[in-house]
Structure formats: C-alpha cells, structure tokens
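In what follows, structures are represented as structure tokens.
What follows is chain A paired twice: with chain B in the first complex and chain C in the second.
Let's look at the complex of A and B:
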C-alpha cells in the first residue's frame, strides 16, 4: 500500500475532528440530565446517561407526528420533483425547439428568487386556496425551488445517453414513452438518485416556508417543531438536542450509504466515463 | 417484389447540407446490397431515411410495395445494426435480445424460444445472463446482430457494423454475416466506407459520391467496368492510376497522346469504347490499375502494348507484392503506382520500364467523369 504523507493524514484527522465536534457535542449533551447540561463547567462525557430528553419529545411533545410530516413532505416533494423533472429534462435534452437555451436559463432564474420575498405572496395564495396546514402547500412550494436544480442536473444526464441507443430502441419497436421508460431513464438513474436525495435533504431541513404555511403542532415539520419547543420562559435545550440527534442520524446514514451514488451523480458530465 | 425501393430520394438537412440527391435504388428480396462511399457521401443518411430516423426531403420509400414515408421507425418492421452496436448497457444479453420482442408483445414462451434460437445460432448461450460490458468486442457485435435477427424483420439495415472491430475480427465477422445472410435468405442493406468489405460481401454494390449514386453493379463489374472516374478510383486497392491524355486524328487513325507518346488505337478498342470518337481533339483521362502494369520480361511485345519508362521513387513491400511508385519524365506530377511481384530487388532511383495492355485502359470524360 502507498504510504500516506503524515502531514496530510494529520490535517485530515484535524479537519474531521473539528467538523464532527459539534455533532458529538449535541449527541453527548442530549444524553445528559439537565443538572449536568446546565452546570457551570459541563462535563465533556456525561457522568450518567439519561434517556429522559428522548422520552419527553416522543411522549409529551408527539415529535413522531412531526417526523411523519417531514417524511411525507420531503418524500412527496422528491417524488414529484423527480417525476416532473425527468420528463422536462428529457424533453430539453432531446427535442430541438426554438428558445431552448432561453427556457433553460429562465428555469434557473426561478431558483434565484430569494425565498423571503416569496413567503408573503405564497402565504396569501395558499390561504385563498385553503391549503394552509396541508402537505400540498409545502410540497408545491418546495417543488418550485427544487425543480430547477433537478431539471439542470437531469438534462446533463439525458444528454449523455447516446442517441444511437434510442434509435436502436425505436427500431426495436418502442414508442417515445417506452424509449424514455426502458432506455433513457434507467441510464440516467444515478442522476435521478442524486436529484431525489438532494431534494429530500433540502425539504427535510427547510424552515422558512414550513414556518409560514403551518400554524398548528399537528402539521409542522421537524425544523419548525424544534423551534417551537421553546416556551416564553424556558428553552428545553436537552429536548432540542435530542430531537436534533433523532433527525440528523437517519439523514447522515442515508448520505453515507448513498454517497458513492451522489458523488458519481454530481461529477457526471465532467468526464467521459 | 422488391424488398426496399427508393424513388427520387433527396435529403437536405436544416443547415442546408445536401446529403442525398435524387437517389433511385432497389434492394431485391433476399439480396445483400452494399452502399459504399467515402465518409460524408450520404450513405448513412440514406440508411437513416429507410429506417425512419430521418425524413427524406423528397422522394418515396417503399418496403415490399408499401409506402412507408409517414410511418415512424417502430412501425416499419426493420432491424438495424449500428456501428457502435448500441447495446442497452443496463440490460443483460438476454434482455437485449428480447427487447424488440417484448415491445411487440410476443407471448413469453415464444419469446424465450426465439431468443434461445438466436443465442445458439450466434454462440451466445453461455453469455445470456451477462451485461454487454462484460463481453468482448466480437461478442458484443454478435449480440447486436442477434438483436436484429431475433425479430425476423422485413429487412436488415447495417451501418458500418464492423468498423469498431480489430482487423482480424473484422474479417471473421464478415464471413459470419455473409454465411448467416445466405443461410436465412434475408434482405440486407449494408453501409460501409470500406471498399474491400463492399466487394467481398455484396451481391450488388452501390457506390455513392457527394450524395449522388455513381453505379450499382456486382463487384466484378464495378472493378472491370467502372461507370465513372470516381468509381474507378474508389474501387480497387491500391487505387487506379490516372493520366491526362489527348485524342488526335493521326496517320494511323485515332491516336492517344499520352505521357509523351503517340499510341494509335485499334478498331477493336474503338468498338469497345465507341464514345471515344466524339472526343477527338479533346483532353480525356486515361486510367489503368496498378496490378495491370507489368515488367517488360513478363509481356509479349506487340502493337497493343503501351510502355512507360520512369524512375523508381519508392518501393513499398507487402509480402508477395511490391507497390512501386514510378515517376515519369513526361508527367512528373503524377507518379504511377505499380503492384509488381516481389521476386527481384528494386532500388530507389533506378530506371524501370513498365508495360500495360491497351485492353486494360479505361477512358473518362475530363469534365463529367463518365466512362467512355
């Protein structure tokens, strides 16, 4: 095996330590009873482990409802994003029509609007449509922000699928939809995965729209719910840290497992395979 | 009934490129027709028009008497083999072969049976569960062929299917494709830029140049009686020698002034090339093949023999035959190429006599390139 230069390894260890420290601090603190958490010199390692914070968020605050909300909203948005985005991207990659680059450009411009500027008009719109406190409001607003990236990413992927494969499929008797479904989409799968995961993470963490378009505990998503833990007089830090741990671990695990896919997805098009 | 009939096909692309001009061509039932020409001559455009992947600007395409101009490719019932093989990389060999049948909703047991038949025929049975990238180039080529064969289509279109293979494999697959075609009696329209491939494989060969059909004929006839100077130069390897000449009326009848010599033309020759008479006092192009140039000791001297004396520029050795480049003092800009048996050593710079039988001369109109 090739020997790693010592300096480089040391730098890597330092980098990882610095980056992971906040997460470990959150994890360890969430397991401390409040006496240790609010001590003048809080211990790095809990002197006694306590599951009280975790019990409280699920038993008293019904945090599982918020997790379910987030799963539905993020999952739904990712699904529709990939379904619509892949069709749009396929058309943009394959069809020759006037004003194509202008269209691609304007799609990107949509994602440049600052979300803050859109919150009020969207709120009025959703209230008028009776969509406040519904999944639809969040899924719709997330779609508008996630679709441009998805379309750009997938357009690049579909462009990489050789024309001849589609020609071959058409001569084999496949119509446009069948070519898309059986040939182009499977070959763009790494891009589809990447787009779905990025969209999921974006929606999982989104705060502003979720705060504006939900008004009761039953319809809130995780980030908003966590903020709402704070009362007028107290901020239950232990519970907040426990909630953060609960929602970070699954996403971190998912990204770790799928990171090969994401990396190959993000760098595809840079080099010819 | 002809399998494929093209009538007046013209293809002009959106950018104004004229790819094919007024092409008329028929492929008979069970025929192996090769469309050959240099790259950019429009041969692939023709094939893509027949396949339905391009729409001809004008003209009609018939398959077994039915006009298919308005049919999309999936409804034309043709199979195509691509230069890049175009195997579906995410499917196994079995699924690649079965894809066309699945699209046509063939019952499962019949599909299975047909795929197994083709796999056995092409020696792919043991590879059925592999992905294309696990196969060698030759095996991938067989899968591409199999995908076409399994469908049992009206006709096969092949777009330079062998040009991605190495030389040895190309010769082998050439034989296999020919054997399969004879055995199954299928109709093939085959596109290539390789004249050797065209001559060896085709029942008939159609030569295309700058979008225009030059000649359609069996290989032998293309070689012996090229209809245009382009065909003469394109078919045959190494390429034919061309010299400028002038036809004049001399004391012994019609005489060819060629490379500083006066060559009287016999009545027999004029009978074979009646159009020569009309070109008296005009410049024409004379062509003869390198393999028809001989050394004097191998020739019986006589009136029908033309002799060139020149200087050896370069000798290329290929084994049994040497390609000898000879420059003539009278025509320094167009050196002759002779393929001579490699039985005696030739030195660069030495003087060499070469003879050619007048029977082997081809005459072309200088302007139109038509054979005279």
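Let's look at the complex of A and C:
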C-alpha cells in the first residue's frame, strides 16, 4: 500500500471543512448577543453566550408549533407512502404480470415530474374543499412526489430479499398475502425502515407545496416558517440562526447515527436496482 | 420464476397489490396534471373575476411566446441546470476519487457529506444569506481585507454576482450527494481490474478513461438524472436567496410559474408555463432513459 500523498489528504480535509464550516459558524453566531452578531468584524468565538434568540423563537414566535406541523406532515406522508408503497413494490419485485417494465419506467418518470405543475390544480381543489392550511392538504400533496420515490426504493430492497424462504412458505400452502405479510415484509424490514427515513427527510424538507397551501403562521412547516421570519423591513437574524440550529442539530445527530442506512438507501436505486 | 399458480391468477394478485398505490398516484398526481393541461387553455384569473373564465385556446401559450420575462426564465433555468450540474459532477467525481483512493470513509466523513444534503434547501439558502450579508457576513468581511470596495460586496445587487451566489450555494449543497452516489459506484468496481491494467502497462489516466469511467456509467447516469431534474425545477433555493432579483435576473421557470399562479392568481397562464416545464423535463427524462437503456430500468 502506497503512502497517502499529503496533497490528497489536504484536499480531503479542505472538502470536509467546506461542508462543515457554515454549520459551525451558524451555531456559534446563534449564541452571540446582537452587539457581537452585527459587528463589522464579528468575533470568531462568542465573547459572551446568550440564549435570548432561542427564548424568543419559542416564547414569541411559537416555533414549536411549526416543528409539530412538520413532524405530523412528514410522519403522516411517510406512513402512507410506506404502507401503500411496500405492497406495490412487492408486486413489482416479486410477482409476474404484464406491463411491469412499463409501470416501473412510468413510476420513475413520475418521480421526475416538476411539482410546480401540480400547484394550480391542487390549490383550486384544496380551496374548494376548504383544505388550505390543513395537514391533509400537505400530506396529500407530498404523496405525489414521495410515493413514486418510496415505491422505486422499496422495489430495490424487496429484490434483495432471498427467494428461498418465500418458496418454502408457498410450498406449505401460504397465500400471496401471507407470504408478503409474514415472510417478505419482515425480511425486508431494514430496507423498509431505510425507505421510511428517506421519505421522511424528503417530506420534512419540502418547501414549494408547504408555501403554496398554507397562509398563516400556525399552519406552516419549518422551512416555510424560517423563510417567513423576515419581515418587510427587518430580518431578525439572531432568531433565524437559532431556528436553523434547532432544526439542524437533530438532523446532524440522525445523519451521524443512521448514515450507513441513508447512504444505502440513496444508492439502492442507482446500483443493482 | 418461482411462481406456481396460473399466470392470470398471479397477475390478478399482482394488480391487487398495486391497486392502492396506483389509485392514489392517479388521484393526487395524474388527474391534477391533466387538470393543469386543461387549465392552460383557460382564462382563469381570480384577481380579475369580471374577465370571466372559459376556453381561450392557445392564447396563454401565445402570450408566453412573446413574453421576454418567460424567455429570460427559460434561458436562466437551462443555464443554471447546465452550470450547476456540471460543476457538481466534476467536483463530486474528484472528491469521490480522492475518498476512494484514501480508503478512509470514516463515519465522520460520511456524516460531513450527508449533512448538506439532509437539511432543507431553504435552510441552506438562509445560512448562506447570513454568510454573504454585506454588512456583517463572514465572506464579505473576509474579502474586505483584500481591498474589495463595499459596494462590490453586495453580491445580490448585481445579476452576475447574484447568479454566482445562486450557483455556488447550490454546488455546496448538492456536490456531497453526487460524491456519495459516485463513491458507491466506485466501490463496486473490482480491484483486480486495475491490477491487470497496471500489469499491461496502463497509465493512471488510461485506467481512468478505459476502466473507471465506463464502469461508473450506471452510477453517473442515475446521479445525473436526479440532479438535472431537480436543478431544472429549482424553486425554493432561488425564492429564498434572491427572490428572483435583482429585477427578474435570477428567475427560474418554476419561480415564474409560482409567481403567476399564487401572486398574480393567473391560473391559466401559470398552468401554461407548468406544461412547458413539464414537457422540457419529460424530454430530459426520456433522453436519460434512452442513455440508461430501458432494459436496465427493468432488471
């Protein structure tokens, strides 16, 4: 094994630093009192720590409501996606039927749809049905992009489940549903969990529909709420940074803990589908 | 096939498994998409109800063809997609090769790569807005040391620098995704192929051209499909960073459509823009599927 060229290591360290540094800077800045935050030459390390920004977003802006909204909407959408998607994916991965390749191709094409093309019809429907500012509107609209993606991912995972156990169960007289529910689904559980995480992240991060189908602070999800912090005349930077930190720290922890799963999910569709 | 029942009964069961998901997709995605097409031939301006609603044929499309703002957004979107995705591809490939060569994908590196991908695009945009703030941002503060004038540091006030910010931050956010996808592709290439090539006297560049690139093709194409289609629909990133400005200089197609629909409440006109975006990205997707080979989609 050759020794690591120093240049290569340096480039890698730089690459990682560029990825990490903005987060580090935002975290530190969110803890600075405003006199240091808006200084012409801001100090790298806060001279005094202040929790004022964090107090303000929860006590004055009720940011916890937006966090709850995001949890409910992303959780609900992922639940429906995984429930409906795992059945569809099982059929696509395991059962024989006509038009399978066409169906898989169309599902991939649907997941490449521009979501903005759905804004006007969905807005008109939701307005007519009185669903603007409801969880139902967001969950329904999230299914449009998340369900095809979940099906695509889960199909890849179901293909990795070994056939032998299913065959044995079938020889013992188990029906398709029993094989799916008692054998394949438990065996594919790690994949199903991975697909659920990825779907959750995509829904958690969604911005376009959340912006289009909510009109007041109480119904907004996190990304829209943070963007709406800015008023016409002032931008409460301290509070924005605090909110960014509050939502990024759990993501960072989750990414650190579940990194292998997330990467396997991201690459599942790409390689050996 | 290990299926033992008769083919028709098997197919019936398969359709039963598929039915709920397909029904939902049809109701929430396909039907609205058809409705968008229908709306694009309609006059439907909620702010101007006295104009009435109804069929106006291709009038919305005719108006688009002669709207400079549409053509600017059209060119902007293609430019943004081409430049951002090319930069992400080159940087992501270099990073993936370096990490693969160093054989050191520790948990820390992987987490560092995943973090920019995992946060919402608008949160990343807000972070960068803070970092480039002309009054107290870190980057203008740093550049000031090199004698840059204050007015040249208001990046979002000039079209060229505003685009530079939009593209650079998009590259920051998405290069890690590209790196991870390509790294996964590199890791499945058998090592002995390189040893054999080295024995035959291939240089590093030859091995890269003849071995790495062809074998990386599937991973490359999938990463490109995802990134290109996402870049082509760019909305939140631009909405947050520039709001389409200065003037209309950084408007994308999705941004223009959103403004037409939810600001101006012109549902017909906005839908016509959406149909054109849809057609463009459909052409892109077909191109990619052709490159991938449809056979590979159905493995």
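We take it that the second predicted complex is superposed on the first by the 250 of 273 C-alpha atoms of A that agree within 3 Å, B and C clash if a C-alpha of one lies under 4 Å from a C-alpha of the other, contacts with A are read in each partner's own complex, and residues count from 1 in each chain.
In this text, contacts are C-beta pairs under 8 Å (C-beta built on N, C-alpha and C of every residue); 3 or more make two chains touch, one makes a residue touch a chain.
Here the structure is a predicted model, which means the values were calculated and not measured.
Contacts of A:215 after superposition on the shared chain: neither chain B nor chain C is touched. Contact with chain B, but none with chain C, is seen for A:183 once the two complexes are overlaid on the shared chain. In the superposed model, C is the one of chain B and chain C that contacts more residues of chain A. By the touch criterion defined above, A:167 lies against chain B and chain C together after alignment on the C-alpha atoms of chain A. Once the two complexes are overlaid on the shared chain, A:120 sits against chain C while remaining clear of chain B. In the superposition on chain A, A:226 contacts chain C only, with no contact to chain B.
Residues 167, 170 of chain A lie in contact with chain B in one complex and with chain C in the other.
Across the complex, chain A meets chain C through its residues 4, 8-9, 11-12, 15-16, 18-20, 22-23, 25-26, 29, 37-42, 80, 84-85, 87-88, 90-92, 95-98, 100-101, 103-105, 107-110, 112-125, 140-141, 143-144, 147-148, 151, 159, 163, 166-167, 170, 176, 180, 201, 204-208, 211-212, 222-224, 226-227, 237, 240-241, 244, 247-248, 251-252, 254-256, 259-260, 262-263, 266-267, 269-273.
Here chain C touches chain A in the complex through residues 1-4, 7, 10-11, 13-15, 17-18, 20-22, 24-25, 28-33, 35-36, 39, 95, 98-99, 101-102, 104, 107-116, 118-123, 126-128, 130-131, 133, 135-136, 138, 141, 172, 176-177, 180-181, 184-185, 188, 218-219, 222-223, 225, 229, 232-233, 235-236, 239-240, 254, 257-258, 261-262, 267, 270-271, 274-275, 277-278, 281-282, 284-285, 289, 294, 296-299, going by the rule given at the top. On chain B, the positions that touch chain A within their shared complex are 51-53, 72-74, 76, 78-80, 82-84, 86, 88-90, 99-100, 103-104, 147, 151. Within the complex, the chain A residues that touch chain B are 162, 164-165, 167-175, 178, 182-183, 186-187, 189.
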